[in-house]
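Heads up, there are several structures right after this.
Shared chain: chain A. Partners: chain B in the first complex, chain C in the second.
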Partner chain A sequence: MLGLDGVVGAVVGGLIGAFIIANVMLTTTAIAGPWAKRKITASFTDRIAVNRVGPFGLLIIVADAVRLLSKELIVPDGVDRPAWDLAPIVITFSALIGFAVIPFGSGLHLADPETGVVFVFAAASIASIGVVMAGYASNNKYSLLGGLRAIASNIAYEIPLIVTAASVVIFAGTLQMSEIVAVQRQPLVTFAGVTIPQWFAIVNPFAFALFTLANLAEIGRNPFDLPEAPTEIVAGFQTEYSSVYFVLLYLGEFIHIFLGGAIAATLFLGGPAGPVLPGFVWFYLKMWAFFLFTQWARSAVPRLRIDQFLNAGWKGMLVLSFANLALTAILVGVIV
Partner chain B sequence: MNQWIAVGALGVVAVGIPLGMMAASAMLRPTVPEQGKAATYESGEVPTGTARVQFNIQYYMIALLFVIFDVETVLIFPWTVIYRPALEEGVSLAAVLAPMFVFLGVLVVGLVYAWRNGAVEWVESPRAQRQKTES
Partner chain C sequence: MSLEEPGPDADAAAVARAADEMEALVGEHVLSRDDHLNAPGYVVRPDAVQDVLGTLREEANLDHLSCVTAQEYEDRYESIYHLKSYDDPTHEASVVVPTPKDDPRSESAAPVFRTADWHEREAYDLVGVEYEDHPDLRRILLPETWQGHPLSLDYDQERPQIVPLREHANPLEDDQKADEGETMYLNIGPHHPATHGVLHLKTTLDGEQVIDVDPDIGYLHRCEEQLCQNSTYRYQIMPYPDRWDYISAGLLNEWAYARAIEDMADIEVPEYAQVIRTMGAELCRIAAHMLAVGTFALDVYGDFTAIFMYAVRDREKVQNILEDLTGQRLMFNYFRLGGVVWDLPDPREEFFESIRDFLDHLPGSLEEYHDLISANEILQVRTVDTGVLPPAVAKSYGATGPVARGSGVDYDLRRDDPYGYYDELDWDVVTEDGMDNYSRLLVRLREVEESAKIIEQCVDLLEDWPADDRTIQSNVPRTIRPDDDTEIYRAVEAAKGELGIYMRSDGTEQPARFKIRSPCFSNLQTLPEMSNGEYIPDLVASLGSLDIVLGEVDR
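This part shows the complex of A and B:
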């Protein structure tokens, strides 16, 4: 890259790539958080939402950024200082680093290690440590409950998530992201001149449904948004956060939603594959489609209670995901 | 090797962005030293006691179960990677499938045991049961 060789070239090239990816995700989150989320929810509830500042209210993004960054940082009594300060950094970091192995298409693929699938799940899971740090360090009962709920939901739904991803790995026979995308590019059937590609969502829609549900729980969105649950425990683990710390928690959560969408798109929806438009555009659209899905669920589906939620996880999702794994293994054994 | 240098570069950027935003905010924001607002938020009431309280044991039970299943998923992954290549090389289906089904079977027995002992059942405190409004 750039005609530079050796370690220096790798470091410089890596930094440039990392900078591009981080900026793409920051811009996406800036559009999604202050603007798109309000507009989408307003459409669902038949309102107009932000429309005063700039065209379609788009400049609200700038206004909100300045407003939130220039708020006073209130440090409540009795917070556990290093942990309370570190939690926003940990949450943002874990969501961003997952994008290192995601193939965006059009050549934008920072790293392609042979253990890509394992890495991306490992990176995304670090966020729950940040949530627990925030919840416990805040010295607030709502925050503590939010942190405990976050860890319970993460560990109940992480195993279904990973086991369902393992069923994709059985199909593809590799953990490398680029290889998984390449396998999905092969044709499944040709029907009346239209070739349907071998996307895993088409090959195994049951696994895709399981993965999407577990993904919603993993990123803590409705109907599984128990860690925040604004009508029950104020704002959950982020109750005591203000100013830039609040921005970072919010940023981390939104990047996490898009990371969830990126993983689903890569494993099940053919990654950057798609007709006419360039790969990056398709991948970006697929991530936004997942975001739109989370926002639809936010407007349409009521929240579960914590005991219902954990029962559904341990008794339903876990059993179904292992059944899916076993059936996929038998199916692959029969067709190969 | 280059792959992990690039991942590390994103790690540096991913730590740099939050730190940069914190620095920018530190230069912009006002500081008004006034103690009333630093009180812990408890919906407007005067806060009582600390938040380091006893909580439902259920969270620990689930965490214990999780450790078992997490180790298991770690052991499943190598099998999923070699499964299809092994079949394509002509290893018989029984030879690749049977060991993993035995392994999964042991875990299913474990899950059934935990289930029947009520480890995955949400334990309600007597107070929560008294306050229940639905059947």
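This part shows the complex of A and C:
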């Protein structure tokens, strides 16, 4: 990378890469949170949303940043101090770390360990710990309920998520992200001159659907936004956070959505693959598509109740994901 | 104090016969008769309340305790139980219970009618009558620390109600930990996204399951009854009803007062004005139901989502029509005694066109609602068989409106106790038998269709109304002084249910007692019945399906 060799090169390259990726993701989140989310929701619900500050209301991002950062940071009595302070940081950075192994395309790929898939899920799961810390340390019953819900839903849905991802690993025969992307480049069928690549979403749409659902639950979006559940438990684990901590929590949530999108794109949608445009652009668009999907779900789908949600997880998703895994294993074993 | 039933003599005779039959049932307890304009009144001893109410409920089919009014006279306190029949709300009776001034104690009706629980607490709170055998007699609208009873005669309004810190018993205990067991006490509200206003639910939870919920109301109490008692019948009271159920149900509320005073003072309303009233009231009902559906979806969905905004969008169209009609968007103040304040806006064709335009688009919008909510599997999973309210329980709590009709109780004052122009029009009362949150949602959505039918017929009538016969108000004297000691209880079908008003005149131009029977107040009482044993999300959904407006609960 950058023509530098050896340890120095690796370190400098790694730092520069991390800098680029982190900035790309933070900028994306800045666009997504204060601006795009409002605009998207508004178009789903017949409204206009922000349009006064700057072109298309884009400067609302700056206005919001100033507003949020200048607010008082209220620390309630009786919060469990180190845990309460650490939770927003844990949530945000666990999501950012996950991007280390994601191949963005156009050569932007920070690390490519042989166990890339395992690493990305492990990193993403750390966020659950942050949520539980926030819920438990806030000394607030609504936060506690939110934390409990977060634990329950993460256990119930992370297993199907990872088991479904495992079916992709079986298919690709590797845990390495770059290899998984490479396998998906191979042609599946050629039809009237158009070659359809071997994206796993096309090879196994059932697994893709399962993965998307479990992914929604994992990142806590509608209809599975139970850990927050406004109108039921106020704001769940976030209830007591304000100002900068609040920004960090939201940052973490949005980065987590994009990480979810990035994982789905890498495992199922061919990673950065796509015609004409450079790979990075394609990858970026795929992440945004997933973000759009979560916003659509948010506008149109009611939230499940906690017991129904867990039932669906343990009795439905788990069984289906294992069936999918077994079936994939058998098919791969027979064909290959 | 005489039995003045309007209508032919034969009817009056039949009513008198029925009244005598009822008296025969409870004859042993009846001290005398104190008939009200709307119903025969039986004066009974304070220790015979349960007996009399029980007998009347079982033998005379008076199964709806609509309201409990307490008031203080110069020489006595009086509690009035306004009874009705769910099958026929024109079949009424009042049970009047006088209690001595120095010892205002009376038997509670709560063991017979569960709705009496809150109504008697309010009577105790505001007037000061004490009820024996009451399950939980404490203040309900005013804070626990309040001194005196504001609607009693000797109450000193000048006296400041400042409570020093040491005397201020905190209604919330510092530590709500249960001595044993594993329950958690949770305050939902007064400020909470799901309470639609300032309502405080004292909730006991086992995990996420609701063991017990105790609604704590009164945060929005604005002395509406006393305000009306200090205002003149003719002009000053009419603006207040708009402020009870302020969710665009203003005209429906105004009609409650208009109906009561017009019956009391024998005021005729021209037919043309009745049609306008009917149309305006149904427009209000659509607006109110739209918001109810939208916020219910909000409670179940959990965010300001599409369905909420769609409902608000369609409600906005109704609001524009109402603004054209009344000149106001929220506090209409459009009704007058004997009619309405002004005629339809000019040019009339344009106004009719805008209503027809709205009605043409309504079926499409409703289709959209059904696609998004009632046909949505997840919403069905969430709402079917949750918040179950069996009809018998609903009746015992005096539930009315869409809440009762969602439990299969076929009760709608527009049809059963007709007023305005309703009995001339072709429409149906909507009921659903599901008894759950989903049924209440469906009832509201279908009632919007029925209201649209009514409005369409009214527009047809108004379009063809001869130009020389458009009387919008009858001749009403400048001051109204009903005869001394005339009492009346009249109710209309408001957006949330039976909105009744009891008035007693003392010969002046202001009512001596003005009591509001709020449908939300009675409906909210059913909440613990619905949600005990269910999850918090179901509690929130049930609360949304009750469609309460705190302005009307607390008055």
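As a working rule, the second predicted complex is superposed on the first by the 330 of 336 C-alpha atoms of A that agree within 3 Å, B and C clash if a C-alpha of one lies under 4 Å from a C-alpha of the other, contacts with A are read in each partner's own complex, and residues count from 1 in each chain.
To be clear about the criterion, a residue touches a chain if its C-beta (ideal position, glycine included) is under 8 Å from a C-beta of that chain, and two chains touch if they have at least 3 such contacts.
All of these numbers come straight from a predicted model, not from anything done at the bench.
Colleague: In the superposed model built on chain A, check whether chain B and chain C fit or clash.
Modeller: clash
Colleague: One more residue to check, A:T45. First (chain B), second (chain C), both or neither?
Modeller: Only chain C; A:T45 stays clear of chain B.
Colleague: With both complexes superposed on chain A, which partner does A:D225 reach: first (chain B), second (chain C), both or neither?
Modeller: Touch partner of A:D225: chain C, not chain B.
Colleague: First (chain B), second (chain C), both or neither: which does A:K141 touch?
Modeller: Both partners, chain B and chain C.
Colleague: Should A:L26 be classified as contacting the first partner (chain B), the second (chain C), both, or neither?
Modeller: first
Colleague: In the overlay, work out which of chain B or chain C sits against more residues of chain A.
Modeller: Chain A has more residues touched by B than by the other partner.
Colleague: Please work out whether A:P302 is in contact with chain B alone, chain C alone, both, or neither, and reply first, second, both or neither.
Modeller: Only chain C; A:P302 stays clear of chain B.
Colleague: Name the contact category of A:V234: first (chain B only), second (chain C only), both, or neither.
Modeller: The answer is both, since A:V234 touches chain B and chain C.
Colleague: Report which listed segment of chain C has C-alpha atoms clashing with chain B; options: 5-13, 221-229, 383-391 or 419-427.
Modeller: For chain C, the clashing option is 383-391.
Colleague: If I apply the document's touch criterion, which positions on chain A are contacted by chain B in one structure and by chain C in the other?
Modeller: Touching chain B and chain C on chain A: residues 141-142, 145, 148, 234, 306-307.
Colleague: Once bound in the complex, which stretches of chain C touch chain A?
Modeller: Residue list for chain C touching chain A: 184, 186, 192-194, 208, 297-306, 308-310, 313, 372-373, 376, 378-379, 381-382, 535-538, 540.
Colleague: Which residues of chain A touch chain C in the complex?
Modeller: 41, 44-47, 141-142, 145, 148, 222-223, 225, 229-234, 298-308
Colleague: Where on chain B is chain A touching in the complex?
Modeller: That would be residues 1-15, 17-19, 21-22, 24-26, 28-32, 37-43, 50-53, 55-56, 58-59, 62-63, 65-66, 69-70, 73, 76-77, 80-85, 87-88, 93, 96-97, 100-101, 104, 108, 111, 115, 120-122, 124 of chain B.
Colleague: For a test of understanding, state which residues of chain A touch chain B in their complex under the given definition.
Modeller: Going by the criterion above, the answer is residues 7, 10-11, 13-15, 17-19, 21-22, 26, 69-78, 88-89, 92-93, 96-97, 99-101, 110-113, 118-119, 138-145, 148, 151-152, 155-156, 158-159, 162-163, 166-167, 169-175, 234, 239-240, 243-245, 247-248, 306-307, 310-311, 314-315, 318-319, 322, 325-326, 329-330, 332-334, 336.
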